[in-house]
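Below, chain A partners chain B and then partners chain C, in two separate complexes.
This part shows the complex of A and B:
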């Protein structure tokens, strides 16, 4: 059953369309009338100060959150799905093909790395299949997981307990898990916020290379503007819940980025008084 | 506040208002003492508790004279001096060979069977209780039995009325299971099934599944949400997440509770024997009714030994589990 489903899953990447979407928590407008479109296969960095709404936007894209106002669409080869109108079944099918690398990695700590990678397939597995592959992973599953771990640079960790790995290694496990989903889109929320600069550069390089090689759509929220400029052809800047600018990286002036973060400082000062 | 407060009292006098009776203290201790917070509830409880104890001693049918009367002293003397002495030794005084012979006969005739029955009742009961709890706990966990599982700060209403009804029903069932003591369950099953080991097994299993189910549900509710959210985001179902993440994450704690209750089960399996199940308790009751207090004491000691054994096994297992987490 798993194999059959996998074969007929559309090979194409997902695109996303966000139309006048707002997210409101009580008195706070975390996102305010955001209009954005991500083409299938596009590689985009979200930049902006903390609290600008980057995480919220990413959570809209994988339907972990429904917009208070507006519409979010995921478009694949088989048509567009309005995320907040999707049935649970549609939602599950969609999520199974959208990889999400969380800010805090969120792996199951006390099982092997192998199991964590195999969890990527849970969206397409029934209960019995999930039980079998977590207790008795097949040779094919082991090989597939090993290949992905090798691609992200930690192939030798396949059978280690996940909580024995370093932060950077666990991050790579999270990426391998997302890859095991055979994602049509990969969303990453601050994937390099907790690693040193050299590792951060490696990770961003890896993510963009993977997107090119496998053709999935990649949306990454980043705090580090230099990395964003270096590796991403398009930058979407958010500030205070709105799109501050949305441009090809080549057209973004350094002064604009400075301004994006300088304004944050001014606001913090204003808040503090 | 005042400048004098910051200065050290012993060096200079500072302002007149801040000089205390001993020349240095800037605080008015007496005023502070007058306004210090006190707990009326605590004081009231202490007084009430005292009154309650006085009432209990005076209102009940207790009489100190009765406790130490001549007749009772004679009883105690006979019990300790004669009746608990093993029967073959009463005439001869202590003789090791005779004592071993006596103990061996008791062990072979009844003790071994009683110990085996007690332990097997406890093991079977806790295994059944554990299985039931694994089935019921996820249904009672509010973060899992909801329309939107593992949601950050999901509102109560967002869980959906069907799911809420389910958790309420399961939680009520768990309360019912553990609210009725195992002793009472055993009476009910004895009436239904007649005398065998089953009433004891079922009674212990049911009571403990109520306890383990509740503890299990709380364990699940207190799990770190992020790994579960990540799996949900990858399209995992509740059952998928249960088997791949929730169970591994909570297994150590489940087993901790499991062994804790196993300990209790061994003790209770002994006691339930007095209802007619052929565990150690049955032989204790049997010897008592024949006034063979030496034999009774032997079985009581055996019971204490296996409870101790259960405690040791459970403590060892829990120590290992604590480290494993």
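This part shows the complex of A and C:
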């Protein structure tokens, strides 16, 4: 089992470096001069009130968004790549190794679970190969998808239509799709915002366990501070587009977290909205 | 004070959240109603339409009554002498119905190919893969110059093909190529391809893009994103619409019979001219059965695939 795991594990996890990055939409500075570094294989939670810039930061890391100012680097075993300077080919190669679990999951609802999982490999396939594996999946592909679904706990759903699944099950599909990428890094945007508390715990537990077992870098944005404290060794708190604190979880005082969210309420009152 | 002003400014631009109407206030709706009424009156005046036009001409009432009297008694056999060896009426109706379907299927197959190509090329999503960032001069030139040209050409072609009715295409082709079966098929296929292209492109552009964006974010090629992330979202609607157009194609194919193509329309016009109203009803019922059959079939398929 250990040997098989090593085969599955990516050859090297990605790290990320964000240097004085800002994202500006019109008059709004969504991210303001953010400096952060994520080491390869690190497991980090992004916390902070909504609108703090967590999603924007995640989108910078997979180059879905380019910083208005500053630099974002992805560092792999073959060196560092500056994301907004990368050629389309480099960018494709990078993105094919960065899994992203979207808040709204972004699955294709009216195809089978199998197809959605196989979509994880599109970054490494040309169009013809992609179409072939989507329409006529090979035995090996089916087995690989089934193994991943088993791992996330919904092995029996392989041939079901995706939109017949519950919200929690669909989330597992989205995670399996990201795993099928054999990710060097996995970014998750509020993965537990739409599931009940018990399931939220399971999901976070699953994600952190997968990161440990497969060795990829894991960055998860979380609204639930308690889950963040319980499962993540490092917390990065964002507020108003800036890093509020960035510390080992053990060193974070509960009062600091309280303050993080209390300030939000004060600001809301001041905004009058 | 300042807060008040801010609140006003914030509220002003998004005015009708609970009113719900796109036409704004009640007075605005009154103007629209007035405009429509005015247009109707103007149209009636211009056309010199009077109700006297609805009074039947001499013998007209009788004809209509005789025609509808046969509605409940469609002919089971020919209403005049036919040469020996002529197939019985029900077989003739069946054969005409079969030819009607064959024409419709042939036309629809052509139209589907054309409609899918035009629908893809005419959608903005097909061209949405414009590369970001400073590289690939050839690619950039392609997306800046060539792509908009092809897109515009597809849109123009769609408009041109569908703004001419299939009957007009048929008249044109009849004059040019004479009465042969290909003429009818192409005459139907051209406007249908245009219509399918227009509707398909809209369906693709209106399909939810979340999955497509997610696939692009994981490095999928533009073509893979389009084919596997976007088209599946639009496909159920595209199927449903294609089936609806197939029903329309059956009617069009029947109507083209009035020009002499061997479909149900030909049988209907021949019987009508001979005042064999019973036969006309037999053929009409055959046409109704066809359309109803396609409707039931497409409904069953839709329930299975679209859910």
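Here is the rule we use: the second predicted complex is superposed on the first by the 262 of 273 C-alpha atoms of A that agree within 3 Å, B and C clash if a C-alpha of one lies under 4 Å from a C-alpha of the other, contacts with A are read in each partner's own complex, and residues count from 1 in each chain.
Just so we're on the same page, contacts are C-beta pairs under 8 Å (C-beta built on N, C-alpha and C of every residue); 3 or more make two chains touch, one makes a residue touch a chain.
All values reported here derive from a predicted model rather than from experimental measurement.
For the composite obtained by superposing both complexes on chain A, the positions of chain B and chain C are in clash. With both structures placed on the common chain, the touch criterion links A:86 to chain C but leaves chain B unconnected. Using the contact criterion defined above for the overlaid structures, shared-chain residue A:122 touches chain B and also reaches chain C. In the overlay built on the shared chain, the residue A:161 is in contact with chain C alone; chain B does not reach it. By the touch criterion stated above, A:136 is placed in contact with neither chain B nor chain C. In the superposition on chain A, A:104 contacts both chain B and chain C.
The clash between chain C and chain B in the superposition falls on 42-50, which is one of the stretches 6-14, 42-50 or 60-68. On chain A, the surface patch touched by chain B in one complex and by chain C in the other comprises residues 62, 64, 91-96, 98-100, 102, 104, 106-111, 115, 119-120, 122-127, 130-131, 134, 178, 181.
Contact residues of chain B toward chain A in the complex are 226-227, 229-237, 239-241, 243-245, 248-249, 252, 324-325. By the touch criterion given at the top, residues 62, 64, 66, 84-88, 91-96, 98-100, 102, 104, 106-111, 115, 119-120, 122-127, 130-131, 134, 161, 163, 178, 181, 272 of chain A touch chain C in their complex. Against chain B, in their complex, chain A makes its touches with residues 62, 64, 91-100, 102, 104, 106-111, 115, 119-120, 122-127, 130-131, 134, 174, 177-178, 181. The touching residues of chain C, when paired with chain A in their complex, are 3, 6-7, 131-133, 135-136, 139, 210-211, 213-215, 217-221, 223-225, 227-229, 232-233, 235-236, 306-307.
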